[in-house]
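Notes to accompany the following structure.
Letters A, B and C mark the chains in the order given here, with residues in each chain numbered from 1 onward.
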Amino acid sequence: MTAFIELRGVSKTFGQVTVVEGLNLEVRKGEFLSLLGPSGSGKTTILMMLAGFEGATSGDILLDGEKIDHLPPYRRGMGVVFQNYALFPHMSVAENVAFPLEMRGVPKSETRPRVKAALDRVQLGHLADRRPDQLSGGQQQRVALTRALVYEPKVILMDEPLGALDKKLREEMQLEIRELHRRLGLTIIFVTHDQSEALTMSDRIAIFDAGKIAQIGTAGEVYDHPHNRFVAEFIGETNLLDGVVKGPAAVELTNGATIVAPDHGYAAGSRVSVSIRPERLRLDGNGDNRLQATISDVVYQGDHLRLHLDAGALSLVARLERGAAERRTGESVTVSFAAADCSVFAA
Amino acid sequence: MNAVSARQRGRAALLIAPLVIFLGVFFLWPLWLMVDVSIRNDAIGGAFPRTAELIGSWDGEAMPDAEIQAALVEDLRETPQSTLGAAVRTLNSQVSGFRTLMGRTANAARDLEDGQTLDLVEVDDRWAEPRFWQAIQTSVAPYTDRNLLAALDLERSDTGEIERMAASASANRLIIWRTFAIAGSVTVLCALIGLPYAMLAASVTGWKRNALLLAVLLPLWTSLLVRTAAWFILLQNEGIINKTLIGLGWIDGPLPLIFNRLGVVIAMTHVLLPFMVLPIFSVVSAIPKNLMPAAASLGARPLRAFWRVLLPLSMPGLLAGSLLVFMVAIGYYITPALVGGPNDQMISSVIAFYALQTANWGMAGALGILLLAVTTVLYLVYGRLSRGGAPTGA
Amino acid sequence: MLRVAQALFGVAAALFLILPIVAILPLAFTSSIFLNYPIPGYSLRWFQELGEIAHWRNSIVNSLIIGSGATVLSVVLGTLAALGLRGRGIPFPNLLRTVFLLPMVVPAVVLGVGLQISLAQIGLASSYLGVIFSHAVLCVPFVIVSVSTALQGINPTVERAAASLGASPTRVFRRVTMPLAMPGIVTGAVFAFATSLDEVVLTLFVAGPNQRTLARQMFSSIRENISPAVAAAALLLIVGTLLLALLAAYTRRRTAKVVEA
């Protein structure tokens, strides 16, 4: 794999505070990479360093094999889509889109058809003469995207671009951006704090915790096999079962039961956590592991049921498809799950 | 629910009424009186009440009819000598010859016995000339534009056409021009300092921003008189500025900084700078912080980004600030009076001179109308601008 | 490089704004008869002069009388009007508001000429009442602005809540509206007093020799024979304004605490 964008040992400190610490990251050409994490985890700072608005305190940033640390933002040629769009309020939609072409000295005669074509592509041709504040949120978002794409940059950086839209519009735009990514073969780095957005859109997701990458991988990898407690809890919902390692693939849980887990490499006696997703818990008795539990609550959630379970010292949540047998609070059940569905990491 | 009960309405009106009455008596009425005094024309109309009533219908060419002539004779008989004297002097200043003409006619009128009529042309054949009658006709009108015209160095000729006064007669145009020139230079200076200052204050945060804003607000809270006195102290020949410069050996003798244009412009710039900084600051600090990075990411160098994005977006503030500074500056009195020389007095000084020294309220009022009119127009533009800048504001 | 230039410019401009005001203050304590640096020695003789020489002492007393009168008058009229403007059902509220703010815009000399003529016609020329009325005209806009701002900040649901809890309209006004508007009224009063204290132009036109205010007295002494007494008077004005501003800030904070509690 040849890296198109590469960060080598990049750190960033503001005064006493370290926001990004010794970061190594490689992005392939044409890849859609999401930077996901809670606010303050350093993901926006990384984007700003890529765009050139912040300098790295140490480390190198490379684009296509060449260092770009010394380049000011206006010479990096990356398309940036900002939070709240950053459209110029004193310019019309067309002028906004023409701005990067104007800055690159593209002749007026060429600018006009390019702007028109770009706006037509996102169905905004008829709004070319409007001011940004006369557009809806979704339309503003499309203008911001068009403005960042019109000069065909090598990389598109997006900073929470959909954060200000309502849920329905957000989902529409997610598909639209994915479609653009595929059609134009763009390299996109996408910052978000919304895990479902990251899961929907990305080729790979880098999950950030306090300035470091907690895990990087495809949506399936980070969801099904979280490497640590942070990722397990941050992405989706999970049951975390604390226990002590008894053998190569055996963990004794705090309620006394011993379960089989995938080979994890921890020495016997280590304290670990076992993560198992609620939808992987079953009540039909199939699976490598069994726990006796009592149903403490049944919550109806439309397409599925959530069961709250007490298994001795452990509390579990299970997610069951509807249509299974009727369950009642107080009922005793056997909870089972496959060893392969467990992830084990240090407590 | 838009219905407002009559009681609510009555209560609101009752709350507002005292201020409406107060401002009516002590603000609007005085302004009206000032307008009135500058256009009212009592001196001559008061001396010739009967003539004034009739002469309006005269066609201005042929000899006025007997009725008008009789009214004039009656006025000359009845009006007290002192009132008549003042009116005749004014008439004489417009058309020379009136003094002897009126004197002779008045004597003849007084000698007249009841029931007799006087043939005016027989008393003095100048009555056959329409120009004397025309002068009376225009002078007895209840209102005159004489003062207003004089405020612009204009006057009416004998034939009633508007023409320029002799260059030596008045200097109002010069002073109006000077007022605009001083206010204009102060506005430009304030903009040159205020625009970067406000942008700087908007670009920094924390204590730096607070310090920069405090430096603007502190003078605003300080008495205007104190600030002018301070400049008086700094700028005088033995003042700190001159002493420092001499001490540094940069100059040999004191620079003339006070009682001249330079001093007035420096002191007024200092006094009015906050009015420039604050509107610009409020506009610039409301500009979204990500627009300049956006421009840079789209390929704009810092100077171009400033020119294409930050400056156009700051324009409403700059415009509002400039209007405000200019509007306040043209009405300035204290600062030019204290740190200016005789050649730096602005229109307000001339108004004060007419009203306080010579009791010529007609001229004071006429120049006042001029100043008021310019200020009002600027204020209306300013109001429209600041509304346009904040379309969501009620 | 750009950073340095920016910092230098900022400091220079801030000094231009502040230094002149600071420069005048030490001169109030000079022992010399010249209003100038260097200061040969320090003394309180000029403050003594303000207290002892009749025209200075009288002018201070006059400023206090006229300032208080104008403040009371403008605060009462302005607050009532601001309350009236808040209610619905006033015809042309924007026009009225504009007219109320107009005295701030009209050049003082123009209003001075008008007031000189009109006060003479109603027999108030060269009288305390005449000066107080004239100053109050200038003070009203400040009261209107600060009281209106305070009233706008009152959440109407608070007043509705009081009514729902059983308070009559009068009691809602006394127990809720007024206390919440108080900081605005105090600020307006401070601005009004400071405006009157600093007023020169109208005073020139409408006051007689017996109503000379401190500002008016300073104006003529700067013009005719400047002495460090002017600096001493300036110090008094600055300290006076500062105390008033502190008072306003204090009331504001106290009210804020009451509201929070």
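Please note the rule applied: a residue touches a chain if its C-beta (ideal position, glycine included) is under 8 Å from a C-beta of that chain, and two chains touch if they have at least 3 such contacts.
The structure presented is a predicted model; accordingly, all values stated were derived computationally and were not measured.
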Among all chain pairs, the one with the most C-beta contacts: B-C
Relative to subunit A, largest Cα-centroid distance belongs to chain B
Select the chain whose centre, defined as the mean of its C-alpha atoms, is least distant from the mean of all protein C-alpha atoms. C
Averaged over CA atoms, how far is the centre of subunit B from the centre of subunit C? Could you give it in whole Å? 25
Whole-angstrom distance, CA centroid of subunit A to CA centroid of subunit B, is 67
Separation of mean Cα positions, subunit C and subunit A [Å, integer]: 58
Can you check the complex and tell me which residues of subunit A touch subunit B? 51-53, 72-80, 82-84, 86, 88-90, 99-100, 103-104, 147-148, 151, 157
Subunit C residues touching subunit B in their complex are 6, 9-10, 13-14, 16-18, 20-21, 23-24, 27, 34-37, 73, 76-78, 80-81, 83-85, 87-90, 96, 98-100, 102-103, 105-119, 121, 133-134, 136-137, 140, 194, 197-198, 200-201, 204-205, 215, 218-219, 222-223, 226, 230-231, 234, 237-238, 241-242, 245
Subunit C partner contacts - residues on subunit B that touch it in the complex: 4, 8-9, 11-16, 18-20, 22-23, 25-34, 37, 193, 196-197, 200-201, 208, 211-212, 215-216, 218-219, 221-234, 236, 238-240, 243, 270, 273-274, 327, 330-331, 333-334, 337-338, 348, 351-352, 355-356, 361, 364-365, 368, 371-372, 375-376, 379, 383
Spell out the part of subunit B that touches subunit A in their complex, as residue ranges. 288, 290-291, 293-302, 304-305, 308-309, 312-313
